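What follows is chain A paired twice: with chain B in the first complex and chain C in the second.
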Partner chain A sequence: MKKSIYGPRFGCALQGALDTLIEIDQVVPVIHSIAGCGVSNAIAHRTGKVDTGRINGMAVAGTNVFEKQVIFGGGSRLREELKNATKVYKGELFVVLNSCESAMVGDDIIGMTNELSDQGFQAVHLENTSGFKGIAYAGYEQVFTAVISQLASKPDADSAGQEEHEKTVNILGILPGTDPYFRGTLDTLTTLLNNAGLKVNRFFGTPDGVAQLQNITRADATLVFSKWGYVPAKKLEDQYGIPFLYYPAVPVGAEQVERLLTELDELLGLDQDRLQALIAEQRQRFAYYYKGIRQTLISEFVFRDVAVVGVESTVLAVGSFLRQYMGANIKAAIVTDAVARDDVDIPESGLRELAEEVYETSDTGEIRRTIESNGIEVLLASSLEKPVADLLGIPFLSISYPVTDRIILSKSYAGVDGAVSMIEDYVEIVT
Partner chain B sequence: MSIKDRYVLSREKRLTTISHYDGTLGGLWDELTGQEIRQRVRTFTQDSYSEIQYALHLLGSIRDTAIVVHGAIGCAASGIYYNVKDDGAYWYSTNLKERDTILGGDNQLREAVLRAQEETGAKAVFVVGTPVIAINNDDVSSILLELEDEIPVPCIFINVDGFKTKAGINGCDVVAHALAKYVVKKAPEKEDFVNLISMTEKKADVEAAKELLTTVGVRANVVGRFSGIADIQAAGAAKASVVLDSDEGGYFAELLEEGYGVEYIQTDAPIGIRGTRHFLEKLAGGLKDEALTERIGDYFDREQEKLKRYTGRKRLDGRRVFLHTTVSRAKVYARLIVELGGEVAGIAVPYIDPEIKEKLAALAKEQPELPIVVAGGQPYELANIVRRVEPYFYLSDRGEFAFLDGTDVIPLPLSGISTVGYDGVAALANRIEKLLKGLERAAGYGSEPTIYKETWLKRSSNWYVKQEVR
Partner chain C sequence: MSEKIGKHIAIYGKGGIGKSTTTSNISAALAEAGYKVIQIGCDPKSDSTNTLRGNTYLPTVLDSLRDGKKIHLDDISVKGFSGVLCIESGGPVPGVGCAGRGINAAVNLLQELNLFEEFKPDYVLYDVLGDVVCGGFAVPIRDGITDRAYVVSSSDFMAIYAANNLFKAIQKYEPSGGAKLGGVIGNGLTAVYSQAIIDDFTKKTGTKAVGYVPRSLVVSQSELYGKTVIEANPESEHANIYRSLAKYIAENEDLVVPNPLGAAELRDWAREWGDKIYQIESGVVGEPAEAI
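Entry: the complex of A and B
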């Protein structure tokens, strides 16, 4: 198996952690690295033409270490950077990111971060975000595991017994930056869970993101919607006894929404009247729109051999819905975030039951060759695969990062409304 | 430096380039004219483009090439965008892992280079360095030497690491040195074309410059961004070279002159009425081509009438404009602002050195009190300075404007237009007019709160700067 990658489609752990942090309001990330580690990722995100986060691109604090610090160590450079960052930025939480360079030099980022904490600032260190330690998605995982260890409040023993205690769930596994739909997906899930009578720690796209991070250990349950949320959820369960429900992908369509709500009810005991009304409303809503397209599915004959390319959670979400409601044959599922892990045992995703063939690669060349050799009739992938769709003359829809041919602000394929969007987009390209 | 040298020294060492200054143009002039150039060091910095990003930006737009970024996967992240946008090079990453930082990444490099050439048929393979292999002291050159017999095309190491210089533009120098030394071919005799050198320009500007030269009957061979390997190989046969931005591409032109006898004709950037005229007249003078001088004269006459429509109406109407660009371009934009009826309120440039400061001589004489800041990125300093200077417009070819949040300053972006040549004058005049009208209509556009503390914004913008200790 080749180790090098043609046409990279994601960054490193540092960049994934940065993607995560800049989307949490009032977080001030500080990169301890040479110049350019964050900017390089910001350039990548220009593909989407949508601004990311509050402090982004060249506005992110970075020590920009120079030759002298590489030779003699950059600890004191980080110390002065942190001290001054507190005087320049408005913000509540400072997070220090380690890099390849500082890890190889052996700078003490933990000690420097602790110095800041000792002075009364909220500060977290991410010592494992060196680019050579993992891909972008691992950066998300590291942010949440670090927050749980270093920042989160201890659960309040009294609150559990209070009758008026409002049940709260954490949402993990929806990744900013590398999931083009994360805003809309979080909105969809938050609305759904609020309607079921639950409070939600969504962390992103909310003014109280830092408070939600602090309260992550006080939630009643965690919902996980991709494998990248599994480790922090397990940590919450192991250390704080917070149960979690693991889904390898977001729910798409009424049936999956109902399953989610039912399992949540079994776990937390929801208000039955409210729950049943919500499930009925979701069913009715989906049925109404699906009826509108049902005849077209036959008359225009949309049953095609499809390839889906993207991270596992996207391939599953899109693939399983298209199979069940559009009659698509998922001929090739190409997963771009497959990583061999021996540190954790994450449950099987079920992808192998969904697709005729499952491929695990992020190499753009291999992906193109796989598509070319599989007799694919419809391609749902990233914009990097558009040229091969053009070459084959087959319908194409960009569904995974990077997406360059459309602007995605609140669009999502999650929930019932997301399923309807999926139907619209898919039928439009195949008919 | 010479084309015979194996690698390029950093701009700091070659040219005493500085990447921080905050004061008046007159003060900077005096300092750069003096005996000792003072290097200042920021004790707070924001992330910025390193030489690696500059090198990748340039290489990524060159057709028929493969880039192998020798480092962790994130070092090649900018390629995600350039790959889709520029339709230039093929991008590979050696995708180094923790184990490779201990045992070395030789095997991955070998694999990546071989497959890059085999899979793409690239006419040159560029291996771009990163801090991981620099700190680990991986011997890239030896591996490439070993591969010489297996690969039928040049395989060249771009020796950047991101920590030896604070002037990111140095990455373009490293690439230029490699292209001049290993790609350009010696020609038995000169041919009837000139090299048009571009290091960071966008496609629209390169195309507009080429079109400008074609209009006056000069065949241009684009070298650098948006060129192909064949164009670069042919650069040694050119009669002369002109550079779109001499701060950036002058080094390449000097190497072509030294190594291949291609005369470097130094001109202003072809921006604005006087800049465009200077560019063409200097070229004709350098080529000693009287027929060309005549054609250029005719061209000016034809264009003058059209230009009056834009300069006559004085679109800027006395408004003050802060310029954020390179020194070369600042010189011509400053004139253009005046031609359009405006006033220059201040300048931000990413770097400066005693040699290129000469381009600001006239401005320094006319406006010695003009605020100038030298900063690669560092929007926190710019946020502070614009509050002090209070310009009406902030004209930038850098593409970042978020630091204007919380002010009334209007960003004047150059995206989507070319400001090169006389058509560029019209394009900028139209942009100003449409921008003002558009913002007048867009009542909902509003303003975002700043991310910076008021205490910082009210401080001296030199607050986090100290003199370098030698």
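Entry: the complex of A and C
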């Protein structure tokens, strides 16, 4: 039976692509759509009450097409907007985003983007970001698959044999906007990988994001930290022979960090002295802080029945850490980005082994009813679930999109420091 | 929706089958008989009413919409032969934009301009392009804009295929207030079996043929002069055929919801006719073909 969804928590592919693009420095997005697509994204993007992109919100250029352009075609309007955008915005890369209307009408966004390229501007077209092509997370995929096809440099044949070649890894699957912790998580992973002797293409939160996009096909490996990074990583492997390691979630805690570094070493062959020192340091650092709350864990009896609500990668990252180190029983894992896909065969996430029950829904009403009926003692979810936690009088922590009840700048639950943050936040709410 | 002024009739059919010629001659015949008639060409080519107005220039509804100026009925309509009010919806240039949405917008605009209240027509004929390829082209038979549709078809398979598609659209929209089918107008019929093919198709789909217009030089000649047959050759046999057709369409209230053939049914039906025609053309002597 068809049913309505109350309070869905993600936008369309166009919005996901825009969320992605506005966080890459020196990218100028241009939306070819009716008035409203960009505005609704601007409103939705204020999760965590933070805007870190350079050209974002109401400042994003758009064609604002109306019925006239639907009937007669909006190609010339797009040409006009692109011409104006190049005058108003300075940037290294212009990206044209398609929308529902322009795709249905069949406007020639490829031709218009090529015209821009002919004028000497670096430009990419995203013809598959119409809202009907998928949810926001699919928009992230579209950005990277388009970049790989249209922008990225061809691998440098000479560099492969060079001894001094600095090994580089791409990080995919950490989604700006829809992952409230993406900034801190990228910082954490970048630092970790740099310390292991690797260069990192993180794309977001770095001044050379466009250069990193161009170099995405020259990397030695790709690390994927959610199912939404799988498709572009596979494309890099299939077309450029770049191997990838797939993790359905970011590593949290020393054990998972060690696993990541060890598998990277097997793949790329890292400097052993450096690697072992790093692993030891990570272990020691985690043990130091974890020992610090041993007494609290026992005396305050923090072992509770927990519900975790969020995208699959967040539920896995947070849930598996809490179960292993905080003694939490994951009574309900509620996954908000479950989408049936037959276009790609993504490995199982292991979610079923983590939780007593796994629910797949983005319906805020259904999520609320699931929490109410499961005897949940601690709720880790989005800000949309705060009212139900208040109603039930149970501890609550906002960990997934949308987060509107606290500021998140560099905070992250990834790596060893993220694990320590998780311990702090969790113990604080349950004791 | 307020009560409609006049009978609103949509005429469909495969591209190039003679919709505009047929529609214009019906309009001319109705006007000649003293009725007030509006013909609205729903085609980006905007040539539906050419023969009613001697190929003169007429800005289309959508041209005016594109200019963005305030639109007056006088700007987008002109009286042609016997006072037939000619209007062209217009549309985008080929390969650009959305013609379906254009038709929708043009029809809406005409309603907003109180066209029917102002002109008080007895008959409004909508000459709609080609096949019903998407929702936009179904606008005239949807939402109560017309209450009856006719389809112009030759005995060629692709013309009948297009007619069958229209039947599907009517069947879909009729329950929610869409138009019913008046019948099939056979046009450009040449072979001895042409009429039989159309008759058999209408029988199979629970519809009927309402007239047969044979292929004729008179029609071509009149068009070359930029006129309808009614105007250019009023005494011709074809003028009388169009007059009879117009009279029938004006008076007919026997409207039906067709039963379109499924894809496989239509294919099998066509194959059967292929066999029959082969037998006729090659002089095979056997059981008399039932429908011939």
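We take it that the second predicted complex is superposed on the first by the 426 of 431 C-alpha atoms of A that agree within 3 Å, B and C clash if a C-alpha of one lies under 4 Å from a C-alpha of the other, contacts with A are read in each partner's own complex, and residues count from 1 in each chain.
Everything that follows uses one rule, which is that a residue touches a chain if its C-beta (ideal position, glycine included) is under 8 Å from a C-beta of that chain, and two chains touch if they have at least 3 such contacts.
Bear in mind the structure is a predicted one, so any value in this text is a computation, not a measurement.
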| item | value |
| --- | --- |
| First, second, both or neither for A:Ile298, with chain B first and chain C second | neither |
| Contact breadth on chain A, by residue count: chain C or chain B | B |
| Partner chain in contact with A:Gly73 - chain B first, chain C second, else both or neither | second |
| Touching partner for A:Val105 - first (chain B), second (chain C), both, neither | both |
| Partner chain(s) touched by A:Leu409 [first = chain B, second = chain C, both, neither] | neither |
| Footprint overlap on chain A, comparing chain B with chain C | 67, 69-70, 104-105 |
| Interfacial residue positions of chain C with respect to chain A in the complex | 62, 65-66, 68, 91-93, 96-99, 101-102, 105 |
| Interfacial residue positions of chain A with respect to chain C in the complex | 67-75, 104-106 |
| List of chain B residues in touch with chain A within their complex | 43-50, 52-53, 68, 71-85, 90-98, 100-101, 107-108, 111-112, 115-116, 119, 130-132, 135-136, 161-164, 166, 168, 376-380, 400, 402-403, 450-453, 455-456, 464 |
| Chain B-touching residues of chain A, taken from the complex the two chains share | 2-15, 31, 34-41, 43-47, 51, 54-67, 69-70, 80-81, 84-85, 87-91, 100-101, 104-105, 130-133, 135-136, 365, 383-384, 402, 404 |
